[in-house]
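Going by the order they are written in, the chains are A, B, C and D; count residues from 1 in each one.
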Amino acid sequence: MSEPEAALELEGLEVAYRGVPAVRGIDLTVGRGEIVGLVGPNGAGKSSTLHAIMGAAPSPRGDVRLYGRSLRGLSPERVARLGVALVPEGRHIYSSLTVEENLRLGYAARRSHDGLDEDVAWVHALFPVVHEFESRKAGALSGGQQQQLAIARALVAKPDVLLLDEPSLGLAPTIVERLFETLGEIRDRGVSILLVEQRAQLTIAFADRTHVIANGALKLTLGPQDAGDTARLTAAYLS
Amino acid sequence: MRRVLELAGPIALVAATAAIASGISSAHQLEFETALVMVAIVVALYVFVGNSGVISFGHASFVAAGAYLAGLVTLDPETKNFTTPGLFHVLLHAQIGLVPSLALAAAVGAAYAIVVGLPLMRLSGLPAGIATFAVLGITYDVLSYWGKIGPGVQTLSGVPEASSWSIAAGVVIVIVAAYAYQRSRFGRMLRATREDPAAARASGISIYRQRLLAFALSGALAGLAGGLYVHQLGIITPELFYLDLTFVTLAMLVFGGMGSLWGAVVGALAISALNSFLGDAENTVDVGFHLTLPNGTRLVTVGAVMALVLILKPSGLTGGREFGRWRR
Amino acid sequence: MLAAVNWGQAIADAIALGALYGLVAVGIGLVFGVLRLVNFAYGELITAGAYVLAYTYGWPRPISILLCVGAVVALALAQELVAFRPLRRGGATPATMLVATFAVSFLLQAIYLLAFGSRGQIVGTLGRLNSAFTVDGVDIRWILLVTVVTGLVLLGATAAVLERTSVGLHIRAAATDFRTSRLLGVRANRVIMLSFVISGVLAAAVSVLYTVSNPLVQPTMGVPITIFALVGVVVGGMDRLWSAALGGFAVGLVYGLFSDVMSSTSSVYLPAVVYGLVIVVLLLRPAGLFGAWRSAQVERV
Amino acid sequence: MSRSTRVRIVLAVVGVCAGLLATTAAARTDGTAAKKPIVIGAVVDLTKGMASFDAPALLAAQLEIKKVNASGGINGRPLKMIYLNDQLDPAKTKQFAVQMLQKKVDIGWVTCDVNYASPAAQTFLKAGKLTIAPCLGTDELSPIAFGKIGQLGFSYGNVAQDEGAAAAEFAYKTKHWKTATIVTDDLLRYFQDVCKAFTVRFQQLGGKIVAQEHFTQFKNQINSVVSRVNNEKSDAIAFCSSFGVDQPAFVSGLRSLNNQTPIINGWASDGNYWWPKSPKVTNFYYLTYASVYGDDPSPKVRAFEAEMKKAGHPAQTGGFLGGAAAIDGIAKALFLTHGNTSGKALAAQMVKFKHVLTLSGYVSFSPKLHTVFGRAYRVIEIQNNHAQFVKLVTASSPANIGR
C-alpha cells in the first residue's frame, strides 16, 4: 500500500466546551511537506482545532488522520509519539528548568533515539541561542528566544507534522520574519506544518495554502497570490 | 417559582424527617434527630465552603464553642457543682432556657469565627486549609484540658434535651439563613470570587471582606448547630468535635454536592441514613426478614460508598445544583 | 514554667522526630507536586507497612522489610489506580479529591480494624536499634542515626532520580505543567505511577523506622503522622521537595523541643502551642518558610 | 450525564435513604419469656477501642448468669442479658440505650470508659435504672459525673484510688522501694487518678517522689519522656497509661537505654499484646483482677477461665472478672430487695456493700465511691516477656486524692 500524500487530514471535526460549540465541522488537509495556514479572529476556533488534533480537547467529533491513520480517542502523549508536535500558544516552556532540560523534554515523543545527535545539531544550527544558553534557566530568556526554544523542543521530537499556535505572538516584526524563514527550512526537511496565526496577511503570503476560520468554520481558502486581497479576507472575518 | 422551590426542597426534606421522627418510637426518633443536627452543621459549613470555594477544617471548633456554651448555661447549677466545680463563676452559676442558650451558641460561634477569620481570611488554598486545621487542633487541645470552660478530659452529661420539632425548627432557621445569604448581594459577590478571583477583584470586590463575612455567618450557624447538637445528645465531651466530625461533615458536603444548599442537605441526610441503618443492621434489623450484618460492616461500607460515589460522580449526588434547577 | 532541660538530649530527641516527619513530608510533597493532590490516606500506607512487619516477625529480616516495601508500594499504586485516577478522569475538583482521600483513609482504617483488631500488633523487626550510646551525657539512639542517614539517602536518591534521569525530568515537568508535558509526549500515567512508587518506598521506610521506637501498630497509627507531616509540607513550602522535607523536619524538631522545654504539667497544651506557631508562620509566609520569597500568592484549592 | 438521569439518581437516593430510615424505624419485636426474666440491657463496644475490655466482661457476665439461673435465679426469675454494639458512636450509644428501655430492661450495662459510656449511662440513670459498668476504673459512674441521678450508677472495676494505693503499698512494703518517679498519661482521668493515688499513698508510707512526669498518649511525646525519666534516679517508676502505642514505646525505650528500674502499673498494663519483642519486658509489675497465665491463686477463677476458653474466647486480661463480679453483685442486691428491680431500691442496697463476696473476691462500695475498692489484687511480674503471679495484695484503704 502506498503512503497517502496527505500528512494530516481533518474530516468534519467538531469540538464543544460544556455544550458550547467551538469548532463546527472542519475539513482540512495538510499535504506532505506542505505549509498550511489557518487564520482567523480571536475565538474563531483555531486553538481548539489544534488541541483536538492532539487529543487534548474534550470528546471531539469527526476524524483526524495522520498518514491515513485515525487519531480518534488517542491521548495527547500518544498523538505526540505518533509524530505530531505542537508548539502551544504562549510557548509553555518550563521557566524553572534549564534551556537544555526543556529541549530534552522534546525527546519524550521520539520513537527512537537513532539520529538524535544529528537532529540536535540541526536544531542548534537553526536556533543558536538554544545551544548558547543551554545551562540557563529558560525563564531568563527573552520572548523571542523562548519561542525559538519552544520550536526547537518540538523539532527534537522528530515530528512528521508540526502544529504551531500563534508563534509570532508578542514578537517584533523582524524576528517574525526570521521565524518564518526558519519554518521554510524546517519544511525543507520534510516536516509538514499547520500554522495558526493572527497575522493573516503575512501567513497568506508565506503558506502554500491558507484557510480562514471564523465562528468555528472554514470560510475561505487563499493562496499566496491572494495576499493583497484584503476585501475577501475582511468579509470572511466578519461573517 | 424556581426560587420558592430552591428553598422549599430542603425545608420539605427537613420537615419530613422531623415529622417521621416525632411519629415513631423514641429510639429511632434519635436517629432522625441526629440526622437533622448533621444537616444543620453541614449547611453551616456550606455557607462558607460552598460559596467561597475555600476548604475549612476549622468549623468543628465553632460547633464546639456553641455546644459547650449552650450546654453549660442550661445545666442546672446544682449538678455543675457536683461535676465541674472548677468552671468559671459565670458558667457555674448560670442557668437559662433553651432558646436563649441557642442564641448564645450562635453568638459565640460568630465571635470565635470573627477572631479566627480576621487574620486567617487573608490566606487561600492549602495554607488556609492547614491554618483552619490548626485552629481545630488548638480548640480540641484546650477543650480537652482546660477545666474552667468545660469538663476537661471528663464528659459532662445531663444537658436538657430538646424535642424533635424544636431541633427541626433550629435546622430550618439555619437553612433559611443560608439561603437568604446565598441570594443576597454578598452571597453573589463571594461566589463571584470563587469563580474568578481576578475578575471579582477587578470589579471592586474585596475577597477578604466577603470571605470574612461568610466565615462569621457560617461560624454563627455552626455555633447554633452546636447548640442543637448538645441539646439533642445531652452530653459534652471534646471528642465529639474533632477529626471525626470534621471529616464526616466535609464528606457529607462534598458527597451531596458542595456547590448547593440542596446538596448540603441531601449529603447530610444520605450519609446519616446510611450510617444509622448499617449501625442498626449490625445489631439485627427487621427488613421483612431479620437482617444481621457482620460487625464493622458499617465502617467499611460507609467509607467505600463515599469513595465510590465521589469516583462515579465527582460533583456529588446533586451535581451542585439547587432543588428544582435541573429542569429547563 | 520551664522545666530544667538537658539541651543535648532534647535536641537529639527532637532531631529523631524531625527526620521522620521530614521523610513523610517528602512522600506527601512528591505526589502533591505532580498531581496537586493532598493524599490524606498516605498515613495508611505507613500503617500497612507496619502491619506487614508485625506479621512477618521471625522471618529473615531482609525478607520482612522487602515484603513491607512491596506491600506498601502495591497499596500506593492501588490507591492511585482504584481511586485517584478514576476521580481525575471524572474531572473532580481539588476539594473533592481531598475528601476522596479522607474516604480512602477512613476505609483503610476500617479494614485494618476488622482484619487486625483494635488492640494492635507488635513489631519487632529492628528493635535493637532502639539502644543507645552516650556522648557527653546525651543518649544517642542508633535509630536516630539510622533515621537521619536513611532520610538523607532516600532524599538524595529521590533528588537524583528527579534531577539526573529522563523520567525524573518528566516528573518535574509534569509537576510544573501537567497539560503541556502530555502534549510533549510525556506519558502522564507512567509519571504518576512512578511518583506513587517513590512515595510508597518512602512510606515503607517510615514504617520500618517509626516502629523501632513505637513498636505497637494499630489501625489509626498513621493519622497523627500524616497530619503533622502535612502541616510540615505546607509550613515548609509545597513548591519544592527540599522545602517540604525541611518543613516536615522543622515541625518535628519544634514539636520535639517544646515537648522537652514545656513543663510536665503544661505539656498537655503542646499541640496547641505548635499549631499556634503554624498559624503565625502561615500568616507571615503563606508560601511557606522555605518557599519562594517573592510570591506570597499561592494557588487556591 | 443528562439532567433527567441526574434527577432520577437524586430522587432514587433520597428514596432509598428514606426507606432505610423507615425500616429502621419499624419497631423490633421481641418474644417475651414466659417466666418474665430480669433483663440486663448492655450497650457496649464490640468492634472498636473498648471491645477488648467490653467483650470479655460481657462473656463472663453471660457465663455467670447461667450459673445464677442454674441455681434457681432470683426468687424464681431468671436473669437475662441482651446487648447492642454501639461501636463508640455517641448518637448510637444513646439510641441503643433508649431502645433498651423500650424493651423494658430492668438494669442498664455500659462500656468501661465513662466518656464513651455517658450517652447510654445518662439515659439509663434518667429512667431510674440501676446502671452498671463491669470494669470502669474511675469513680465517675456516680454523682461525681452525673449529679443526683448518678446515685444509681456503679462500676465493678477497681477504683483508681484503691488500685494506686495498693500498688504503692506493694512497692513500699513488699519491695522496699523508697523512691519513685511518677509518669502520668493525661489522656484519661483513670490514668491520672491511679498515679495520684500511688503518689499520695507512697508518700504517706514514707516514700519519696523523685519526679513527676506527664505526657499525653498518641501525641508523640513519649520519647522525650523516656529521656527525662532515664535521667532520674529512683528505686521504681510508677507508670500510668495503657492500651495504646505509648506503653510499649516507653518500656522498650527505657530498657534499650539499659535502664532496668522496676516499673509498676495497675490493670492498664494487663495482657501480653503490647510486649515489645526486643528488648523484652523485664522488671515490670502490674496489679490486676485475675492472672490469665494459668496461675491465678483462686481455683474458682481458674475454672472460670477454662470455661471462657471453652466458649472460644480465652481471657486476654483479668478484666473479664469485673463482668462476672457485677452479676454476682446484681444478684446479691436483687436478693436483698426481694426481687425489686427499681434502680433506687437496688442502689440503696448496693451502696451499702461491705466485703460482699463475688467471684472476684470481696467488694465494697461507699456513698463516695461507687466503684469497687478493697478487692484483693493479683500482682503480676514480667521478666523476659514471661509473666507470672507473685502476690495477692489488698489496699489498707483507698487513697484520698482530693475528691
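Assume contacts are C-beta pairs under 8 Å (C-beta built on N, C-alpha and C of every residue); 3 or more make two chains touch, one makes a residue touch a chain.
Since the model is a prediction, treat every value here as computed from it, not as a measurement.
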Most central chain, Cα average position: C
Winner on C-beta contact pairs when B-C is weighed against A-C: B-C
Interchain centroid distance [CA atoms averaged], subunit B/subunit C, Å: 31
Subunit A and subunit D: spacing of chain centres that average the CA atoms, whole Å: 74
Centroid spacing, where centroids are CA-atom means, of subunit A and subunit C in whole angstrom: 43
Length of the line joining the C-alpha centres of subunit C and subunit D, rounded to whole Å: 36
In subunit C, residues with contacts to at least two other chains: 113-114, 268, 271
Shared interface positions of subunit A, touching two or more other chains: none
In subunit B, residues with contacts to at least two other chains: 145, 295-296, 299, 313
Which pairs of chains touch, using the document's own definition: A-C, B-C, B-D, C-D
Subunit A - residues contacting subunit C, complex: 54, 56, 75-77, 80-81, 86, 88, 92, 94, 96-97, 101, 104-110, 153, 157
Touch list for subunit C against partner subunit B, complex: 38, 83, 86-87, 90-93, 95-96, 98-100, 102-104, 106-111, 113-114, 223, 227, 230-231, 234-235, 238, 268-269, 271-272, 275-276, 278-279, 282-283, 286-288, 297-301
Subunit C contact footprint on subunit D (complex, rising order): 47-49, 51-52, 186, 212-216, 218-224, 227-228, 230-231, 243-249, 252-253, 256-258, 271, 273-279
Parts of subunit B lying in touch with subunit D, wherever the complex brings them together: 13, 16-17, 20, 24-28, 30-32, 34-35, 76, 78-79, 82-83, 145, 153-158, 233-235, 237, 239-240, 266, 269-270, 273-274, 276-277, 279-280, 282-287, 295-296, 298-299, 313, 317-319, 321, 326-328
Of all residues in subunit C, those that touch subunit A in their complex: 166, 169-170, 172-173, 176-177, 179-188
